[in-house]
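Data block below; observations after.
Order of writing sets the labels: A, B, C and D. Residues in every chain begin at 1.
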């Protein structure tokens, strides 16, 4: 039997009714947030131009380099075509030949113009070619100015690089149990005034029998630390106040539970505020387990943390 | 009969007396804010130099490109004139001819210098021409450095791209009615911790019969969401607490009502705080209507939103 | 008789004891803040290198341009000297002559290298000259990269351009009087969520007869507005709660009173937080006067503000 | 006898249990924070690529310049090798000779291409050399664009330059004593809304005899000032509320006490929020001493501060 109708019995935090921008009636079978922190949504017919910068600043480095290289080649081909159309004989220093030979010479003249290297062993003759070359060097500079900006944008973009444990654990805590996950700061720089929000979203059936999606802000033992230097285990106590109080492993799965993690902090290097998100689904929760230590003191008395061990845990024997 | 003298009967939020920087005595017939969110005001005799950057970063792309291109052409013309005045014979590699021919050659030499492409088939001879060319290439670099900065400023400028419904609706809400409008995030990136303020401004006649402009902050059902991913319907309940309680459609028009919307959020990509504003006037309010759904779940279980449908609504039959 | 011993009788806001970083014992005869908002202090033996960027970003435009131009000339002179020392005959395309002629040719080769225009009618020959030219073009690019950054820093630096009234007024307010000054936003862009702090600092003699400097935060009628679009008159009511209650014009002068104004807001264009400060001294206060209107509605119904009129006021006849 | 078991008797501020990201069980013999404000921790196996920008923006200027120069030389060597492999005869204008001579000519051609100076007395011939030169000038521009961004990042990086006293003092304060240290703003620009947090961390033995590390937020007389213009003495009163109440000099050393100082403010020039940290250990505390004045009024009535004197103090005679 499905427990869609289960009402969390005692709710300390009031449900965050619609406050995440998703309607109550949206009960997807899939997850709301992808593991990488992007939302599992699609916005249709939004303006592309607005998003070019966002896109170029966010894509992987190898894609960015390839894209820029392709743009450079394309621009050179366009201008080489123009120079050929005007006539290769207006490029002083070239030797007219077959179309391929002409295009090749025009292409390299174009590349020397676009990058403003301008060796000068080939130079423009006549009005049209001069105008084309003048515009090309002008747009060349603009383009490289643009790429400068993009490169700076890519590098200086504030990103938190936080390693999360792959699983959430239901671990012993004080006299009862708590839901826990662990994070490690995987950058050189510290994260100052780091805050965590943990939001639970589950399906819930009301009295009329219709199912809706409800959201709860889960109270945390500690939700803010002065700075996040090494590792941090985030703890939500499964006490009577918790919306998850009394849930079994199956209950979590049945109600299509998803845990949304929002982290916010200030990067110590450039003082920019950074955000990161992550999502855990019911299947990611390991019951009755405990995280293994991730901190150690080396022989010089310095605290060390192993980023790779962030998710290491041991399942406890049933007591 | 005009209802300028109508006093909102029960005012939950105290009037925001002068707190918007407009005096009480300003009762314009026109609107206070333009639909694009700019204020309908004019500041006279303010320093132009202060505002050049603001202007160049804000104007449309095609205007920006045209302006830069015009500047490039103008600079070249100025330097070409200088080279001609010094004497075209000081440009080694040129063939003196008619004025037009000389200017043309000087122009292209100038453009090769300004962009630092410097092919070298034309090169400066003599002190004056060398000084001019040296300064030109120097200012060329400065200018392109400036344009770099402007391009980066344009691209990285934090802007929220929010689609607003064209109308506000008076829609059924709980047991009564509410004033509603709808927004959709039209960028790829999420908006985090998004807040909305809705301010009403109406004309009001006091006991002495003089009319003044008063402002009210309208309380909202939800005025802040953790992040604004898809659509958000902002709701102001028309209950006894509302300054609009008891207003008819005509009352709104008569009192020259205007609704100012202020949205503030944090862009997920670059973590910058963005603001946007919008204004609705009395004529934009549709009575007894309801927004049509704008969210759907596609066959992969992913929530989709149609930006174009943000304003779609249906007028309800009178009950 | 000096009233150094006057104790403000009823103090609503507690004195801001030492909270401005000045000790109590500092009772300068001069003002604490200059009219332009800079503090009237001197920090000795601070590291110069730390402050170069701050300096270059803050100085006037004409100084900046001159400095950059002087740097360009200086660099060229240094490299020209190097080329001359290596031997002008290693610059292919030059004609050895007198020292001045040689230096001139070396200077222009240097400038063509530094700006990377590189016409090529003069080119380096031999190892030493080639190394020098290679380094020069390299440092040329670095230098222009630096200047790019400075130019961007200058332009994008968040500054509020606020016109203040030259005087503070003691004006009629409700049934009593109030201390007022007026500000106008002199930029194209709006200032959002603008806050004002008004701090009074006066000399005060304690029971032992020693004089110290005390600070008071003056409560304001409105200290924050949603946005600062046109003009704003800041009002501190001179009621029984005010530390200035009962002060005469002479009292203000005798106690060496100074009013420090701190304004903070968010620039609408780039969403950056901007601060500005200003100071008024006792002599700037005009008693029993009133500001003249600065807003008007033009024939298109648009509110207009005259920046120049920010300080316009009329002295009231004694009643 | 070690006082590891000492329990601070009366604790006004509750221990900041684990809130700094260090576990309780970490009782290092070394200090937690280095004097320069970096944490004495090591993160292992973190991604290097993520941290390149952070690194290049943070290292000393001379290291940065050397690194960039080395990169420039390396790139030229790589491309010179490529040109030699293709064949020096494809570089028009070179004179084939010994390997060293060829490499030298290829190296300088490469440097002229990389910096886009392109004199043209050497120019590429043939397909392969042209492709190589085209790519080199392209990557040259990208590289310098990158360096532009890094330079700007280095310059505009928000850093507070605060001079701290080398010691903390236990000084007379009111009727008792207080723990004090002093700071001076060592930049030209003001620091606005500056806040200080002082955290004490000591070893403590619980009832079971196991030692753990506890943290206390020490209450300060003044923890925020409107702006930090000259000097600021931070004061923690050693009254009954203090966790340090009753501690002797030896107690501090025995419990391995460390004082963590966190300063946060807004730079007046660019309005960026800056953070700085510092740590004092037990051995840095001087008992029964007093800071010497650091402010003076010069003959023009202007307050002066001597940065070098920030730590000057005098030990008081036992009373």
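FYI, a contact is a pair of C-beta atoms (placed from the backbone, for glycine too) under 8 Å apart; a residue touches a chain by one contact, two chains touch by 3 or more.
Because the structure is a prediction, the values reported are computed rather than measured.
S.K.: Touching both chain C and chain D, which chains are there?
M.R.: Common contact partners of chain C and chain D, which must touch each of the two, are A, B.
S.K.: How would you label the chain B and chain C contact, same or different, if same means the shared numbers make up over half of all numbers there?
M.R.: Different, since most residue numbers here occur in only one copy.
S.K.: What is the distance, in whole Å, between the centres of chain A and chain C, each centre taken as the mean of its C-alpha atoms?
M.R.: 39
S.K.: Return the distance between the CA-based centres of chain A and chain D, expressed in whole Å.
M.R.: 27
S.K.: Multi-chain contacts only, two chains or more: what residues does chain A have there?
M.R.: Counting only residues that touch two or more other chains, chain A contributes 112, 116-120, 148, 152.
S.K.: Quick check on the complex: what are the chain A residues that touch chain D?
M.R.: Touching chain D from chain A are residues 61, 68-69, 72, 76, 104, 108, 111-112, 115-121, 144, 147-148, 151-152, 155-156, 161, 184-190, 192, 222, 224-232, 266, 268-271, 293, 295, 297-298, 300-308.
S.K.: Of all residues in chain A, which touch chain B in the complex?
M.R.: Per the touch definition, chain A meets chain B at residues 16-23, 26, 28-30, 32, 39-47, 49-51, 53-55, 57-58, 92, 112-113, 116-120, 122-124, 127, 130, 133-134, 137-138, 140-142, 145-146, 148-150, 152-153, 157-158, 197, 199, 262, 272-275.
S.K.: Any idea which chain B residues touch chain D in the complex?
M.R.: That would be residues 116, 118-120, 148 of chain B.
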